[in-house]
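Multiple structures follow.
In the two complexes that follow, chain A is the common piece, with chain B as its partner first and chain C second.
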Partner chain A sequence: MSFITAKNLVRRFDLSDPWIVRKLTFRPKKFLTAVNDVSFSVEKGTTYALVGESGSGKSTIAKMAVGLLTPSAGTITLDNHNLNDPNLSPQRQRLMRRRIQMVFQSPYASLNPRWRVGDILKEPIQSFDLIQGTKNQAKRVEELLEQVGLSPSDAKKYPHEFSGGQRQRISIARALSSQPDVIICDEPTSALDVSVQAQVLNLLKSLQKEFSLTYLFITHDLAVVSSVANRIGVLNKGALVEEASPEELFTNPKQDYTRMLLNAAPKML
Partner chain B sequence: MLQPLLEIKNICVEFKTRGGALKAVDDLSIDVQQGEILGLVGESGAGKSMMGAAILGLIDPPGRLSSGEIWFKGQRIDQNPEPFRGCEISMIFQDPLVSLNPLKKIGDQLVETILRHKRMSRAQAIDRACRGLIEVGIDPERLNAYPHTFSGGMRQRVVIALALASEPSLIIADEPTTALDVSVQAQILKLLKKLCDSRGTSIILITHDMGVISETTDRVGVLYAGRLAEIGITDHVLRSAKHPYTQGLVASTPKIDPDSFGRSLYQIPGSMPKLDAIPTGCAFHPRCTMRTNKCSQERPPMMKDTAACWLLEEME
Partner chain C sequence: MKRFFASDFFYDFVRSPVALLSFLIVLFLVLSAVFASVIAPTNPFDAASLNLMNGFTPPMEPNPFTGDVFWMGTDDQGRDLFSAILYGLRISLFVGAMAVALAAVMGVLLGLIAGYMGGWLDNLIMRFADIQMTFPSILVAMLIFGVARGILPPELRDEMAITVLIVSIGLSEWVPFARTVRGSTMVEKEKEYIAAARLIGLNRWQIMMRHILPNVLNPVLVIATITLALAIIAEATLSFLGVGAPRTEPSLGTLIRVGQDFLFSGEWWILLFPACTLLALALSVNLFGDWLRDKLNPRLK
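Then we have the complex of A and B:
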């Protein structure tokens, strides 16, 4: 049973000049198709990785999946509910979005520097009204911090007091705080050092087992993908060119583009 | 043995703070031979960029080079690096968008650099700039283009052409491919290697990516908390690392390898110490799985010119 399904997903961006300039220069409207007819499905509790170079549309797909962008055509469904159903009431849509959370690339930019870590983690809990009472909420924050390998006393600190890897742990805790089913990881380790990257990837894996989370993992690093993904989709210029399991993709790539990516990845001895 | 192109002897870089002097680079010695690519690898805060800045005398106050000597081609340059900077020794920075002037055509930037360092007419300099662009694989017709019209990889090529314009004998490349895609990264590394071969230029390649180190460099130095943990021929260091930190780094790097699919990665426990709290003895000992009592008391010297670790002493 597939849990997240993207069907013929398309996203176009309008890059046209302002109306008056178009009328004066007789130029037509300009569009950029960032995502072109992409379909894939992800099973519950597994990791689906989207790989591609800059500009291949991987982050656009991530943004559509969390509802930060609406698709120009096609649908994304979670558990057979359409995420962008125009008939759905805003309240229902909000409830749907609780189930999908995101971990962003840069832990330096994605945490509010003026908020204490406790407040950052509490916000989703309060906003979705998951736990009543300040005491219970504080308890839940402590629990979350422990789950990502930080200490409960860290709730009083500000993000700048943490290193990059610890901040990414806070981002992960924030994603977990609304008890999601799906976490979208948009290059979660590309701003981190190798040894910290290993810690964060292992943490993501153990959390996946514990809470049977489904990950949509977006990255340009094939080596990272090989250690986390159950299935891999390769994106090139907005289109899905190849989809396979890691074993298949790395031993027997079918597309020239995939082969090029594999050859370009720096190899260790 | 040939005299090395660059010799760094026991340098320390200190930052004065209210809590005392912090050592970003601590008693580090390294040399670079003619025509070799030396890799410097380490995590953020290991002092690798500080090393590059120290060689060029580009350390911003309150930091300063507090002790040690830097010799380049038999001359001591740490007191007065100015005549060498950008001329004999040039630098490639991480972000090509920041290191190019967005308001000047790339041709003008190249010509300016060439005229600053070489005595020649403007026409000759333009001709030189054209050849420089061809060398890095850019159409010389784009001499009159502005930096924003280039893609990231092309911009980094322009930056490399700029670095080569003064025909340096040493290039310090500080994370030259971190901002780029893998496919573009492969092209840029290939280009650097080719230039190194054809011109006999030495390169110090600063990076945190073990894959890049393994594909590009001849020798590699591993830095930890401002100290040199291990140095040696790249193949030897990666295949049979002596220092536990290097072993951990190699093991925690994800690899494309059918055996490792879905496996958990090795992780080094803990994280790099802050500069104001560097442990006594070996800086790595709190995270080391093979530590002994000696490790926490005495700082290990460089053993057999390969690694700074007490384990090597025991093996003798």
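Then we have the complex of A and C:
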């Protein structure tokens, strides 16, 4: 049974000049199709990885999945509910959005430098009204910090007091504090040291087991993909060119583009 | 507090003669303005206490009729200039500070909205700022002052003069705040923590106030200090031109205007002392603001 499904997803960006310039130069409107007719589905509790080079549209799909962008055409459904249903009240939409959270690429830009870690983690709890009472909220923050391998006393610190890997753990804890069903991971390890990458990936895997989370993993790093994904989709220029399990993809790629991508990855000798 | 004294900022501050001196002068002037009623020998606003016989007493010389001695002499109405300067300083500083506060609040809010919302709202606010910048700010202040006076009933005019002054100077100085804040807002709003805040369902207003505002306030302090010098001079200019603080509640600018009438008849002190005070105040605030800018935000140079 598929849990999160994208159907014929399209996203176009309007890159036209201003109206007056267009009229003076007699040029038509210009569009860029970042995502072109992409369909895939993810089972509950599994990890689906979208791989592709820069500009292949993978981040655009991530943004549409969490609602930062609206699709130009096509739908994304969670548990058979359309995320962009125009008939949904803003209140209902907000509640649905809670179930899909995101871990971002940059551990430096994704945390507000002026906020204490405890406040960063508390904000989703308060915004969605998940836990009442300051004492209970503080307890939940401590619990979250422990779940991602940090100490409860870190709640009083500011983000700049942490390393990149620790910041990414805070980012994961923030995503967890909304109690989501799905977490979109937008290149969560690409800004980290190789030694720290493995730790963060292991944390994500153990959290997946513990809370039966569904991951949509956006990455260009095939080593990361092979260690976490249950299913892989290869994107090229906005279109899904191949979809397979990791074993299949790494041993027997069907498309030229996939083969090129696999060969382009640096290998350790 | 201990951390502040151990900081680089404090280290450089103590070792910069210009910064230290200008800060001490500003501090001295602010304290004498705050405690004017304690320091001043007479109350210059109390018309009943003035003795016309004391008019035009030169500084440090006993008055030929009453024998009173005044540090800085008296003006045409026998008002003690030293007291008048202390109270005038108080009005000048108050008007300047309130005008800067108004300009800062307005500029920061409009800059935040323009930067975050973008689109036609951004265009509207910033084009309005551009238009206002093509006029000298003193002209804008005079325009607002004139309009406000025209609207107010005559019996309120003197009472509201100071408020009108604050509003007109404040409205003419908001643009630098708005421009700086807009720029930083446009940088901040693209960062991922703003995306994270949108994901948890915060509305635009909450994101602007809780997430962006604390991150764009840094340069505001510097601009506020530099604008304070401008606002004090603007107030003095308006009062000098006779459209600012009324004669019954003279600011430094009013005192200079009064003194100017008597300069050529030999009563030099009525002009000199208020002018020197204004010069010391505006120069010190400006120099300190410049140092602060170089120290905290070299990019603004």
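By our rule, the second predicted complex is superposed on the first by the 269 of 269 C-alpha atoms of A that agree within 3 Å, B and C clash if a C-alpha of one lies under 4 Å from a C-alpha of the other, contacts with A are read in each partner's own complex, and residues count from 1 in each chain.
Everything below uses one rule, namely that a contact is a pair of C-beta atoms (placed from the backbone, for glycine too) under 8 Å apart; a residue touches a chain by one contact, two chains touch by 3 or more.
All of these numbers come straight from a predicted model, not from anything done at the bench.
Participant: Label the relationship between chain B and chain C on chain A in the superposed model as either fit or clash.
Facilitator: On the shared chain A, the partners fit.
Participant: Considering only C-alpha centres, what angle arises at chain A between the directions to chain B and chain C, nearest 10 degrees?
Facilitator: Approximately 80 degrees at the chain A centre.
Participant: Have a look at where A:F128 lands relative to chain B and chain C in the superposition and call it first, second, both or neither.
Facilitator: second
Participant: In the overlaid three-chain picture, which partner chain does A:F13 touch, first (chain B) or second (chain C), both, or neither?
Facilitator: Touch status of A:F13: no partner.
Participant: Quick one: chain B or chain C, who's touching more of chain A?
Facilitator: B
Participant: Quick check on the superposed pair: does A:Q105 touch chain B, chain C, both, or neither? Answer first, second, both or neither.
Facilitator: After superposition on chain A, A:Q105 lies in contact with chain C alone.
Participant: Of the partners chain B and chain C, which touch A:G67 in the superposed model: first, second, both, neither?
Facilitator: second
Participant: Compute the least Cα distance separating chain B from chain C in the superposition and give it as a whole number of Å.
Facilitator: Here the least C-alpha separation of chain B and chain C stands at 10 Å.
Participant: Identify the residues of chain A that lie in both the chain B contact region and the chain C contact region.
Facilitator: None.
Participant: Name, in rising order, each residue of chain C that touches chain A in their complex.
Facilitator: Per the stated touch rule, the residues are 191-193, 195-202, 211, 214-215.
Participant: Can you list the chain A residues touching chain B in their complex?
Facilitator: Its residues touching chain B are 53-54, 163-166, 193-199, 201-202, 205, 220-224, 226-228, 230, 246-247, 250-251, 260-269.
Participant: Spell out the residues on chain B that touch chain A in their complex, using ranges where they run on.
Facilitator: Contacts found on chain B: 43-44, 152, 181-186, 189, 208-212, 214-215, 235, 238-239, 248-250, 252-258, 260-268, 271.
Participant: Taking the complex as given, what residues does chain A use to touch chain C?
Facilitator: By the definition above, chain A touches chain C via 66-68, 94, 97-98, 101-102, 104-106, 109-114, 123-124, 127-128, 171, 174, 178.
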